[in-house]
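You will see two complexes here that share subunit A, one where it goes with subunit B and one where it goes with subunit C.
Here is the complex of A and B:
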């Protein structure tokens, strides 16, 4: 502000406040900044994020193969529009498709497992190794390794482990003395549970790191004071560490849920959604039944459902849980 | 000083158990690439009886493999560059000046954090096709940079707002404008946050599978994630080959992680504390 007024030269146009303010804005170089630095980010974000999302809602009431610029545009060659208006039929089809119901419930299972198995595990580990020591640093590094592995690599490694002819699965059948090899990834009842286990394996270290960062910010004096007052280690966790860690926990819950909605890369190498569509997530369902079959309208409808779930969660979460922290 | 007791015993047993669950599959993967398919069947987790180098050799000697890595590297570096440059420029504008609609535009960008990016994948595919960049690296780079925008603008703005305004006022006196100040002062002062965001964007791009899968058709343009899946499909029975392939691609990721570890941890801390 001071910089702007320093370069301000009074002139006749100051009579109108708006014009003067604009002049000051322009002469201080703010206008140039605004017009050169902001548009590239906004442009790329609009073209590749917002417009496609908006388009998904426009495309969702059509049956369209993606041929032509848009489903509602008239195609002179055929005498019809490129796509057919079907209203809500895509959504009705979704609601009636058992594979979609499975995909939705699988995605919900990821959320449950993340919140009730992965996060507690991460928290317990964080409490065990948040203090700075050589051994703790080693454990921290080890636990963080799965997070930096690519999902595809993780999926391939674990499909080997779960391969009934080779890995862990074979060792298990040998130990149990079973006659037949067990292929969890080819078993309808087990395939998705195996994926859930791998998801926990892959991401617990990430959440643990968030908690460690939070725990390291808790003042030592507070903990020492509680200890002198005779609090047991468990009481210190319950009444000091957990409450002070709550902001970090809410963030990790947010990442968990939004992450659960996007699981795809890990499913493809492990099961690709099979056997008989029992292990799809919402995104792999979208890929398989929308993208592969070039059903743009249908795929967009799935996208709209995903978008609504994500945005409703994000806003209710920000509005309730996270607001309470800010207050 | 605490005496070693049962508490520590259980604590350490638990830590070692979890570490084993993490490490054993990884070690089995690395060793698996040295075994023959037959040996891998019988002895999946032990040391190989003969260390066979041919499977690793075949992969490293294949030009296509290096092409995969090069494509991934190019896409990741370009994504990092664009995300850092455009994101920091926008964040700098938000941090430096107040203007009509600035709150609105900032919130607009933050919407990108609120929904799963895969939701728009079909229309995004059509957008990329209509722009004529399907089956090119840019078809992956531009959407990735766009999706990184929300995240990076948010982090950059928080950081830029901590740079003392006096610094700008002083530079202003010497005739330094906003844009000059950005290049000469803001960016050099922001190396830590630039590095942190760069690491996250790089790792995400390097590991990405869904976008390349959708945008790239031609094998010559494949990233290593697509290549790995292809390789697996080609040698469906030979796990040792797939494991060797995975190992060779893990190596750069792990080395990169160790080198950039400081920034990764800083990024997590920043997100967790300020939120």
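Here is the complex of A and C:
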């Protein structure tokens, strides 16, 4: 069905236009293409994205350990359903849990640090090395390497770096001749900051690459023209490069915020959410307090909250910031 | 009429007996990987012998890596491919499996002779709401390890420790001597929960913990639990642990211990091998190590002979045939366990097997278990995944000074009520 015929316009010309469009569409071979390629994609999207999301929202009003196919299914062996309906209790518990508040504020911190430290850093580096040269290629590679590393490996490597017993922190202490070794991951005030530093280190290269691609698309003529008009390098950045790079920046902000909401793999090997639950993110909170503790319903409730935050951000952002670019 | 019924009944019975005698019954066993070849051999031998002695039955065993086992089991138990017997660490996950009806109650099939030869504590660990679901294999016990050389250097004698106050005094003396008193891997909160739980055991006894878990006497929000927190804080205030203990997991911590990093280490018997594997110097030898039971707390109701640790074994699934239960008895019985004891493979639960342990340290643990008047399963398992997790949480939060003993008790009670 095309959009035109689906909207049921009463006028006959529109009907004819719709039918004609459909015939053109069919004859051009686009319909075959669509019928060939859309179903598999749609199927995969439904099975692996939509169904789990729906499932999570269906599970969230239950107290359920994860045993049995679903919480509402009747278990003939016990004469009861596998889970118990608890309504909004999971959400209420969530709201009253201090560790959840910490996890939410930590996730918010990741967003702030990503936007105000990571992205500017990536931008500055991109401006420095976007032009094609041998040295720049090497630098680009170096800055991009952290992004290639697997998250868990990154977490493990940094947990060795921060280890005050045998790690780099110990070596640094010995070299500096200090009395006490530094154990950032064991200190409540430092643990999450250490994770933030690693997140910046790990992902700035990705955003830098987005900016480099954007910068390389800017026509040299514009920059040369500005230079002839007497613009300083800073003014060129301010009035030519940044405005033209803005579409790339909005994309990178989008990825950065959604990525921040999903941070998990780095936290687990570094602190596992500790000391005393001070360094959880929303996802590591979900994993630890939901699945590890056999509370699939509760975990699903956290998942629903996370999903709502993500979806609200995505739609608001696309509807405002990114629409302005398209217009 | 009655005679007719009896005849019919007898015929049916005869038919059943004939049926089982003719048909080949297969008992499927699912175990976690036994990386130690000796342990695997014990299983292989037990199965070979049982199959030879029971012509109508074939026992098959399958091994699965720990994590895969944990992940696949929930699905497997709901399918036709469910095993008849499977390995269990007991505790929260086991309770959930029993509660949801995936396991077969075998209380009626455990006769007096079986009860006499098995460990009562072990059987209790694999029971839920008064029903037995399995039989125990290995037991783990937690005790205070001490490093003899370092203790001598610090001028303390750990064997003289009888009470918690004695222990705190020695910790202080060690600290004053400039030596780290205790190693702990605090990032794994369960290592800290050992202190909190064992204090609870000494203060209110295993009975008291059970009463709390049933919600009686104020549940967890009573003066006993507040005292547990207070005594725990007395230790924390001495700053007894190695630097940065909250950023270290058990594996790394036991490596530090194996390298002679402290005088004391509150840990289970498995640490004997673990510290050697994790240390950079080959670890501590049996001669360098000693163990003492966790000391009594003044005014506490729990005896020093009450033990704390783990228990593992095999449990029966709901559709398993009677033959599976028969094999379970043999599999977890005296023959394999005595072999395990003699070979130093694990510390068996069967009372007649425990004295056969030869390793000088494991022998002491076995003796501890043998004298046990009550075996408390690790609290983070016994209380279920959720409340158990909360015990771990408060143990860490008390250590970081985030909460008071009163708040800890209230958090535990709140979590219990939500269950």
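Here, the second predicted complex is superposed on the first by the 278 of 327 C-alpha atoms of A that agree within 3 Å, B and C clash if a C-alpha of one lies under 4 Å from a C-alpha of the other, contacts with A are read in each partner's own complex, and residues count from 1 in each chain.
What we mean here is this: a contact is a pair of C-beta atoms (placed from the backbone, for glycine too) under 8 Å apart; a residue touches a chain by one contact, two chains touch by 3 or more.
Remember, predicted model here, so these are calculated numbers, not experimental data.
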| item | value |
| --- | --- |
| First (subunit B), second (subunit C), both or neither touched by A:77 | second |
| Touching partner for A:225 - first (subunit B), second (subunit C), both, neither | neither |
| Which of subunit B and subunit C A:188 touches, first, second, both or neither | second |
| First, second, both or neither for A:165, with subunit B first and subunit C second | both |
| Which superposed partner A:95 touches (first subunit B, second subunit C, both, neither) | neither |
| Subunit B versus subunit C as contact partner of A:178, first or second or both or neither | neither |
| Subunit B versus subunit C as contact partner of A:145, first or second or both or neither | first |
| Partner chain(s) touched by A:59 [first = subunit B, second = subunit C, both, neither] | first |
| Subunit A: partner with more touched residues, subunit B or subunit C | B |
| First, second, both or neither for A:38, with subunit B first and subunit C second | first |
| On subunit A, the residue positions that both subunit B and subunit C contact, one per complex | 66, 69, 163, 165-166 |
| Touch list for subunit B against partner subunit A, complex | 11, 14-15, 18-19, 21-23, 25-26, 28-29, 32, 40-41, 44-45, 82, 86-87, 89-90, 92-94, 96-97, 99, 105, 108-109, 111-127, 129-130, 142-143, 145-147, 149-150, 153, 168-169, 172-173, 177-179, 182, 203, 206-210, 213-214, 225, 228-229, 232, 239, 242-243, 246, 249-250, 253-254, 257, 261, 264-265, 268-269, 271-273, 275 |
| Touching residues on subunit C, where the partner in the complex is subunit A | 74, 77-78, 92-93, 96-97, 99-102, 186-189, 242-249, 252, 256, 280, 318, 384-386, 389, 393, 396-397, 399-400, 402, 418 |
| Subunit B partner contacts - residues on subunit A that touch it in the complex | 2-3, 6, 25, 29-30, 32-34, 36-38, 40-42, 44-45, 47-53, 55-56, 59, 66, 69, 124-125, 128-129, 139, 141-146, 148-153, 156-158, 160-161, 163, 165-168, 170-171, 201, 205-206, 209-210, 213-214, 217, 247-248, 250-252, 258, 261-262, 264-265, 268-269, 283, 286-287, 290-291, 296, 299-300, 303-304, 306-307, 310-311, 314-315, 322 |
| Interfacial residue positions of subunit A with respect to subunit C in the complex | 65-69, 75-78, 82, 93, 99, 162-166, 180-181, 183-188, 191, 271-272, 274-278, 288-289, 292-295 |
